Every structure is written in C-alpha cells, then in structure tokens.
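Right after this note come the structures.
In what comes next, chain A is part of two complexes: it sits with chain B in the first one and with chain C in the second one.
Entry: the complex of A and B
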C-alpha cells in the first residue's frame, strides 16, 4: 500500500503518444492486448513482431526502458506459475539440460509468460503515457457506464486515504502492546478490517453529502476531455492494425 | 477578480439567508430543531455557536436542502429552499465541510474545483477561468494539477474553500473551519476569509476565531436560538457562556 501508486505509474512527457486523446489510446491498447492473446502459442516469431511494435511505441513516447522494467515487477507472481508448469504438467516429456520436462507444460508456461508479459507491457505503456484522470475521461467517452467511472474516480482518490487510516489503526494497536509480528497480529487485523469498513462507509456518506452540496445529480461532469479527429485515429490505429495482421499471420 | 466572482449576485435587498420558525425531527422521532429564526443580511459574517448536539449541523443541512424542514421556511437570497429549485439553492449555499478529505474527492485539485461549477452548467472557457480565479483567491493557484493527498492540512482547507467559491455562492457556510489547523494555517485561513467580502455563516467551537472573523454571533442550544448579539458582547458574558456549555480557552479574556 505504498503512497501514490496511482500517480507513480504515470511518466509525464510531451511526446506524440502522450498527446493522443486518452480514449484513442485505450482502444489501441485494448486491440493490442486482444491481438496478443489471440496469437497461437506456437507462432513464436509473431510475439517477436508484437514486441518490436511495442518498442517502436516506446521510442515514439520516449519512455526509458528502466522505468518500464521497474513497473513490470507486478507480473512476478505469474512468472512463478509459468516456470512451475513444465515441471507439474502431464503428457509427453522432453529432456532439457538433463531435466525431464512436460512438452505441454513448456508450451503452456511459455504461453502464460509471453502473453502475460506483453499484456502487462501494453498496459504499462498506456498508464505511463496517460494520467489517471484522462484515462477516466477516456473511459467515459467510450461509453463505459458513469457509475463505473465514478467509482474508479473515487477509488483513485480514497485508496490512499483508507491506506493512511489503516496505518494509523495499526500504529494505535502496536502502541498499546499488540505484537507486531505477522501471525500474532491476524486477530486484531481482521477486527480492524471491520472497523475500517465501517469508517470508510461513513466517509462515503459524508463524501456523498459534499457532492450533493455542490450540485451532484448522479453524473460526473466530463473534465479533461479531448476529441479525436479522423487523422488522429488513423495514425493511432496503425500499431493496432499491424498487431492484428501479425496475429492473423500466426495462424497461416 | 472580485467582479467575476460576484457576477451571479443580484443587486436586490433580499437578505442572504432568512430562516423562519424552522423545526425538524429525524425520521426516528428525535427532534433537533424547535423553531429557529435567523436573518443574515448580504455581506454579514455571522458565527453560529453552541454546544455539541445543539442542532448546528442539522441547521446547516437545511440551508442547502439536504434535510427538508418539518415546519417553517428557509430562504436563500429570497428563494425558498424547496425541491423544484434545489440545484439553484445548492449553487447559492456554499458549504465547506469540516474534513477536507470528504470534500476533495477528485484526483486533482483543479478537477475538484471544477466539479461544482461544471454541475451548475458552467462550460469552457468560463470553467477554467472560474477554477483559476477561485484557486487564486485562496492562494493555491500554483497547485491545480496536484493530488489533494499531497497537500498540507491548511492547503487542503483552502482548496475546499475554493471548490465552493468557484460556484459563486450567495452565502458561504463553514463547518468548523479552524479544526485540525496549526496556528499559522489558522491565521492564513482567517486572512483569506476576511479578504473575500462575502456573506458568511461560520459554525464553530473556536470562540476566539469567531471573535476575530465575525462581528455578530448567534448561539443555538436545544434546537432554538438563545442569543443573537455582537460577538464581543456575547463572549464577555461569562455566566451566559457557562449556561450553554461554551467556554473561552484558558488565559483568554475579551
């Protein structure tokens, strides 16, 4: 629950990619992910082509590779699963460096690893080039139901407030002699979650009052919104179309 | 700057706030207001004092139509608080809530200040101008793109004030504006408030702050107005204060 997760993902800049309207980028990112997922797992070269496309976008967006790598650590748990699969899966085996590995497991692990990594990289690229508020405005423009974007907007803001509250409650427990070691803390922590829920619920009511007081009628005003012309769409969709073509070629 | 902010104010002689015989009971039958009368002229700054549970917050929630009067009327700038023009009432009554974390719910300061006016139908380019004017008025013009999470308590309080100023309200209602502020932030907020030249109703337990900011004070206890007098006069009456669970801080003398 580090401070400012929502804000550290974004990598401010003024590149072509940064300046694209958020809803355009969301559509492109979505198509890219679908193309990656739809690529057959045996078409190894196609994944290379997807990666080349991504690198081209990074160059255009002037994103440093180190920053991208730091943000991809989030994928680590899935990598562990992918590495375990060749050992655990059944079926015909193959010798690799003296280890008997399952062929099916190897392919399944590769499938998870490569698609997961590319998917994460696409999402990170979107997050790094688009501030959260623009993402939300983009989702609204793409007709995502208002209630969903409103909840997301409030979550962006209150995740940190609630995390801070949880930290204060933990501190208050520790200050009164509750053993800070993990196992010993489980009981009070679980009770704390209940309290935290009640407090958050009450805060929700107060926030709603404050929203009503400033004229909220059930729809968030559309802020930070930009429109996209045909030219913008055409340019932005080039990588998306390219990825789809590559994926299709993988079936040939 | 003030020109643009006061644009919505009408040059009539209607009082900013007129409460007559207001009574209210919660749905569970617990009655908190028993006939409150209060009249605030345009440009006045009034402190609303009273012990906990006296009905101060309940009164405030009547001013912008969150609660509906059981009996009596509330008028803001001549317009009665009633369902058909609730939206206009909420524009006219700017409530600054006690905890800025409740009031600042958008990802950035600028978005939060824009939230109110956008709801009231202000569109670009006026909207950006409103946001800038309101943030400048509270000395936070530089921070429009920051997250409220990264501001100090005093800065958050001033941004909360800006979110309401951007709606160009007829009357500002401040709920415990000085709570949780360090002395410097408290003074800075006072300077901002004194420089605004707006009708103000300030709910507070901070009696010296009331004295500093509001020439007139109204005391509510047990759901009725028990005093309405110049603040200094009221705070000098130790026996009266004691009778209503009010008390000046140690060492403070009027």
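Entry: the complex of A and C
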C-alpha cells in the first residue's frame, strides 16, 4: 500500500551484498522475483528453496531478520485477499477444521500469499542493502533514459521537503481544531493539497532557474561511476541462477 | 490503526510471469511515448517540474483522509495530475512514483510493476484526461463545471484502472472466478472513485482559484510568437 512511507528501507552496512554495484543487484532482484512468480503453485518445496536462498543472502548481508519482518507488513492487504479466496472460490470443496473450503481457492490463496511474500522479501532485501542514490545511478547504468532518472533524482531529493511541508500544514490544521472524521468534512485538507501543489510547482520553477544558473544543459552528470566486472556478475548471478533452476525443477 | 481500502498496488504472484512480462513491455512503450510528449510540453523545464510534481504525488499519497470512521484512504492522483500538468507529464510522474515505491519501499511487486504502471499511470491518467477533454467546454464555462469535470474524470479514471486489473487477471490470473473478481473490483472502485472524485474536484478547484494559468486542462494552445511591424517611432 502506498500510505505512510516515512523513510526508505536502507539499512547501512559493509557486507558483500552492500558493496555489489546497484545495477547488478537490481537485475538479480528482478530475476529472483520473476523466478518466484514463474514457479508452479503446487511445487511447494521450491518455495522453501527460494526462502533458503533469501535467508542465505540475508546472512551474507548481515541483515536483522526482525527488521525485515517488521517491514514486510506492507503486504498485509494481500494477505486478506489470500485468506478470503478459499471462501469465495467455486469448485470442489474440502473440510478444513469444519469449514467447507474450495480446493482451487485454497491453492489460489496460497499462490498469492507465498509469491507476494517472497516478492516483498526480495524488494526489501534490495532496498535495505542499497542506498537511494546508488539505486538511481544503477537505473542509469541499466540504460533507463536520463530524463527519467533525473526526474526520479529530483523527486527523491525534494520528497522530504514536500512531505515536511504537508506535515506542517496538517499540524497547523490540527492545532486549529480541525479533526475530519467523514469524507464530507474534507474541505480544509483539500485546500491544503491545492496549496501543496502550487508550492511544489512554483518550487519546481525556482529549482529549474537555480539549475540553469549553475550550468544545467538538460542532462545530469553521472557521479561515482561504478562498473561491474565479469567476476562480480558471476558471483552476483549465483542466487538468480539457483532460483531459476529451482523454478524449472518445479515443473518436472 | 486504519485499514486501507485503496489497495491498487498489485503484489507479485497475482498474475503469472508471461502476462507480467508482456505488460512490462506495454509499460515501457507507453512511457517512451510519454517522455517524448512531456519534452514537447515542458522542453528543458521537464526534469525539475516533473520531479517536483512527482514528489507532490508521492506526498499526497502519504496523506490519509477519512472515508468512514476507522477506514481511511489515500489519493491515487492519476486524473488530478493529468488535469493539472497534462496527460504525458502526469503519466510519467505517476509511473516514476510507482517505480520508486517498489524499489525503495517494497510497495507493489517488482514483477507487477508493468501491470501497475499500465493500470495507474497509462490507463488511469490517459482515460481520466480523455474524459476531462471531452467535458472541457463545461469546465471552461464555470467553476461548478470545472469541479464536475474533475469529479467525473477521477471517478472514471479509478473505475477504468481497476478494470485494467480485471483484464490482466483474465489473461494471466492465478485464482478462480473471474466474475467474482470483476464484481468485487468494479463494486469497490465505484465507491473509491467517489472519494477520489471529490478530492480531485476540490483540489483542482483550489488550484484554479489561485493560479488558473497552471491548470493544463484550461490552457489553450500556446500563442505563436509574432513580430509586428509599425511599433517603431
């Protein structure tokens, strides 16, 4: 869910995983997730193998499991969906603890639950071991157009400013006794959102002028050029290849 | 604790791998078109303005508002950004927000990025803007007309984006009963769209009251620069 992103996932460290170039980690994360999603849902042991792989990466990166668990609650809405499916789905039913559940629904719920969870865990691992700045530089190295990464860089840089402005406006409203409980009491909040847009847009105009004054020509200079040699790729791709092999074994 | 009814960021495993990859390609092609058109709208101001608008979208999505006691929601902002900054810049901003939410906050699955971008950035923003353009004569007539236009655009945007999900689910869904999913999604989003519509309408109204020149929907074609003779003394 998109609400309440207070701070990014990054968990500073100096492990092998932390030191890998960001673009390598992004590629590995995507391969891992696609391998998880491509795994057939009846191949239960393969999901265990994927989890073992992830745990191995956490050990290598020295990430605290409690922090990972705390951050994976973001997936909660989909757990609800997964729990509901066995009740909603049609088809043959079996008795579980006295409840008639649909077999197909159980499998579908399990499928969303396990793949969603593993996917979130992969994303969290990537986010915890890679600082935001490196992620953006990694996207540039992966041939994402410079325009997109520049927009993303500026967005990340000003997000805190805009979010803090939104918090101050909320605080000012609350201090004046504003306590909306229903949708039709939303007026003051919305005028705040309108103001927030104007301030963001006008700040964008000022940032543009400031960038021009500092010699901006339409492209950002790439700082801290980190390339990855064949050795780095080989090491980093081991878990990705392992996950793909597990997924293919699941079809056998 | 408040629950979140606006769960539109799909996680991994809702649709299968081939469909996820296919929609990844759709998302990349769509965004390439958006980048080209955004450059035409904003030229060298594109990066800073789109960056700040994206930060605004992100911040607004952090802002929870009450729907019913104990249930809160947050704005998706597709139609809102389309009306304020145009469909191309809007879609680009929403897409970048989605990518960063997936990479930095693990919000929305990596393999579902293509489907999420297609639904919320491309379909949502595009359809929202198309509706707004169709109603533009009404929006130009009066303030009430503008509010109605924004409401309808946001409501249609929300509903159609959810139907995008249903389409992807029909193509590569990992669960049963397409009819149930269609009914659930359409039903929920008909209601969610009302909230999104009210907020979009009031926000557009608040901006138009102060800086109507910033509302993309109300802007006419940019006047050509003409050199006039006869002004010399």
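We adopt the following convention: the second predicted complex is superposed on the first by the 232 of 252 C-alpha atoms of A that agree within 3 Å, B and C clash if a C-alpha of one lies under 4 Å from a C-alpha of the other, contacts with A are read in each partner's own complex, and residues count from 1 in each chain.
We adopt the following convention: a residue touches a chain if its C-beta (ideal position, glycine included) is under 8 Å from a C-beta of that chain, and two chains touch if they have at least 3 such contacts.
Everything numeric in this text was worked out from a predicted model, so none of it was measured.
When both complexes are superposed on chain A, chain B and chain C end up sitting side by side without clashing. Of the two partner chains, chain C is the only one that A:190 touches; chain B does not reach it.
When the two complexes are overlaid on their common chain A, residue A:133 makes contact with chain B while staying clear of chain C. In the superposed model, A:104 lies in contact with chain C only, and not with chain B. When the two complexes are overlaid, the chain among chain B and chain C that reaches more residues of chain A is C. In the superposition on chain A, A:214 contacts chain B only, with no contact to chain C. In the superposed model, A:30 lies in contact with chain C only, and not with chain B. Using CA centres, the angle subtended at chain A by chain B and chain C is 70 degrees, rounded to a multiple of 10. Applying the stated contact rule after C-alpha superposition, one finds that A:153 touches each of chain B and chain C. In the superposed model, A:203 lies in contact with both chain B and chain C.
When the two structures are aligned on their common chain, the gap between the nearest CA atoms of chain B and chain C comes to 9 Å. Put simply, chain A uses residues 3-4, 132, 153-154, 156-158, 161, 203, 207, 211, 216 to touch chain B in one complex and chain C in the other.
Residue ranges on chain A touching chain C, taken from their complex, read 1-5, 8-9, 26, 29-30, 33-34, 36-38, 41, 71-72, 74-75, 77-78, 81, 85, 88-91, 102, 104-105, 108-109, 111-112, 114-116, 118-120, 122-124, 126-127, 132, 135, 145, 147-148, 150-159, 161-163, 165-166, 170, 180-183, 185-187, 189-191, 193-198, 200-201, 203-205, 207-208, 211, 216, 218. Interface residues of chain C facing chain A in the complex, by the touch rule stated above, are 4, 6-7, 9, 11-14, 16-17, 20-21, 31, 35, 38-39, 44-56, 58-69, 72, 74-76, 84-85, 92-93, 96-97, 99-107, 109-112, 174-177, 180, 195, 198-199, 202-207, 209-211, 214. The part of chain B that touches chain A in the complex is made up of residues 61, 64, 66, 87, 90-91, 93-95, 97, 99, 101-108, 111, 114-116, 118-120, 147-150, 163-164, 167. Residues 3-4, 6-7, 132-133, 136, 153-154, 156-158, 160-161, 203, 206-207, 209-217, 221-224 of chain A are the ones touching chain B in the complex.
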